[in-house]
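One chain, chain A, links the two complexes that follow: it is found with chain B in the first and with chain C in the second.
For the complex of A and B:
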C-alpha cells in the first residue's frame, strides 16, 4: 500500500514528459506531500534527480526494477 | 502598476532590446510591408483564422515596443508611429503570443516577399519576457535541470551510467554480440554522439554505430537546449558549453546530434556565433550520417521489413532551417517499400505545432493541439500507417495528435526504421537472433 499523496503512472512516456507531469502534479500538493511515480524511460534516472536539485524538492528514492523505474519526490517548498 | 514601475520596466526593456537588435533583427523589424501573405503560411492561422494568428500581427507587438524605445519620433510622439509604451499588462499579454501562438517554424519567412524573419522577432519577445520573469515555469526548470546535470555531474553520473548499462544489455541482445558497447567518455573516439534523455534516441543509434563499426562515444549530456526556447542566449550558450567542452576534452573529430530539430540547428548554425569562433569539430545530424552510410553502402538494409505505407514529416528546423531535405528521403527510400510524400512538404511543410518547447508546456496544450490540425489533414491525406519524424519535439506532438484526433497511425523515428530494416553480417537481423553466449 502506497503512502504517497499522488501516484503517477508515467509508463510509456518519453523524456522530458515524465518531468513535466511530475512538475505539474507537485503544484497541487501541500509542502511535505509525496509523489510516487513509475516510469519506463530510463532517461528519468538522470532527469528526475537533476530536476529535484534544480527545484529544491526532495528526491526520496529512485530505483529500477527490471524495466520499471520507481521514484518518490517530496514537495519541499 | 505605478508610473515609477513602468519607468523601470521601460529602462530594462530598452537595455535588453539594445543587446538584441542586431542587423538581422533590425531588418525583420523594419521591412514588413503588411501584405498579409504570412497569414496563410502559418499553421495557427490555417487552423484558426484569427488576426492574432497572423505572424505580422505578432511581430507588430515587438515593433510597437521597438518604435517607442528607439524611434526618435516614437519617443516624443508615440502615437504618430504606432509606438506603445512598455507596461506589465502589455508584457503579460505577450506570453501567449510568443510562447503559445508561434513555434518559430519560419514557414512565414520563406513565404514572405521581404524575407521577414518573424521567428527572430518572436524569440526577441521571449527573451524580453524571460528577462522580466514571465517565461513559462517548465521551460525555466528544464533549462536549469540541463545546467544542473553538469554542475551536479558527480551526483548524476552514476545514475546516468546505470541507465546506459541497462541499454548496453539491450544493445547486446539486439545485435547478438556480448562485446557490443555503448561507450561513454571514450578518449580518442571519432564521434561524440549527443542524444536526448530518452532511450529511444540512444539505442537505435547504438545499433547503427555498432553495425557500421563507427568509433564513437555517447555524450554525458542531452542535446535539448531549453535556453533557446526561452530566448535566453547566455543560458543557451551555457547549456551548449557542456557539449563543446566534452567534445574538446575527448578530442573527437565530429559531434553528431540525435534526431532533434532545435538541438541540431542550435549546435550547427547558432552556437558557433555565440562562441565567436568555429568549433574544432564538425557538427552533423544523425540524419546526415545515416544517409551517408546508406549512400556508401555501409548499411545492408532490407526494405521489405518495413512494408506498411510510411509518410515523412519534415522537421521545420532540419528541413526549412537547415536544408536537410534529401537526406531523410535517401534513408526512407532505402528502408521502406511504400514511402508517400505529404503535400506540401520539404521546406514548405507545415509545422506539427509542437515546436519551440510547446510540447513541454501543458498550460498551452489546447492551443498546441488546435494548431496541429493542418498536419493531421496532411497525414490523413497520405493514407499512410506510419509517420516518420526526425525530431523529438515533432514525435511527441505527432503522438499526441494521433491520440487526440484518432488518426490510427504509428509515429516513429528514422533511426528506428533503419534498424528495423537492418541486416547484420551473416544475414542476422537485430533482435531476431539469440545472444551467442550466456556469460556476464
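For the complex of A and C:
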C-alpha cells in the first residue's frame, strides 16, 4: 500500500484517541520513520496538523476522501 | 526560581461526569503532545479518583459518603442528570458514538504518565481515606505542591 513503517486504522475513533494512538505509535519508530493512518473523525483534520506543530514531527500529507481522512506523519526527533 | 517547562497543571474541582471527561481529554491530549501533566483532584473532584468504597467516620461523614458516593462510573453530568437517568443516557450515547468510556480515558491517562494527585485537606474534611482512592493516584498533597507545579507550567487549568 505504501512505504509507511506503521499503518494505523483509526476509523470510528473520536477525540482524543486518534492523537493518543499516533503519539504512542511514533514512540516505537526510529527517527525518519513514517506512520500512515486512516481516520473518520473530521476533528482529525485540525488536530493532527496541530499535534505535529506541537511535537515537531513532520506532517507529510493529510487529505479527505469522502468519509475517510488519510494522513502521513514522519518522526523528526 | 524554577524554569517554565513543557508542563500542564490542572485542578479538577468538579466531580461532574462531563467536566471530568473534559479534564481527562485535555490531560491525555497534552500527554500525547509530549507534555508532562499533573492533575490535582480536590473537593468534588475526588469522586473521580475514588474506588467506589463507602467513606466517612463521623455521622455527617458517613451521610456524605452515601449521598456523594465516589467512583468514576458513578458520577453524573452537571446538567440533566435527573436522578441518574442522565448519566445512563449519556453513557448510551457515548457508546453509540464510539467515545471512550470515562474509566477507559482515566486508565489511558495513567498509562500515558499523567500524574494524579489528591488533595489532603479535602480528604480530611470529607473523611475520604487513602484506601478508597484508585491505585493510579500517585500522591496526596496540598496547595504548595500544586503551586510549585503550576509555577513551572506553560498551561494551567481549573475544571
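The rule is simple: the second predicted complex is superposed on the first by the 77 of 77 C-alpha atoms of A that agree within 3 Å, B and C clash if a C-alpha of one lies under 4 Å from a C-alpha of the other, contacts with A are read in each partner's own complex, and residues count from 1 in each chain.
Everything that follows uses one rule, which is that a contact is a pair of C-beta atoms (placed from the backbone, for glycine too) under 8 Å apart; a residue touches a chain by one contact, two chains touch by 3 or more.
These numbers were taken from a predicted model, which means no experiment stands behind them.
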If touched residues of chain A are counted for chain B and for chain C, the larger one: B
First (chain B), second (chain C), both or neither touched by A:34: neither
Chain B versus chain C as contact partner of A:51, first or second or both or neither: both
Contacts of A:64 with chain B and chain C, given as first, second, both or neither: first
Touched partner set for A:42, first chain B, second chain C, both or neither: first
Which of chain B and chain C A:23 touches, first, second, both or neither: both
Chain B and chain C footprints on chain A, overlapping residues: 14-17, 19-20, 23-24, 51, 54-55
Of chain C, residues touching chain A in the complex: 25, 28-29, 31-34, 97-100, 105, 108, 112
Sites on chain B touched by chain A in the complex: 137-138, 141-142, 144-149, 152, 155-156, 159-160, 162-163, 166-167, 196-200, 222, 224, 359-360, 362, 392, 395-396
Residue numbers on chain A that touch chain B, as the complex places them: 14-17, 19-20, 23-24, 41-47, 49-51, 53-55, 62, 64
Sites on chain A touched by chain C in the complex: 12-17, 19-20, 22-24, 51, 54-55
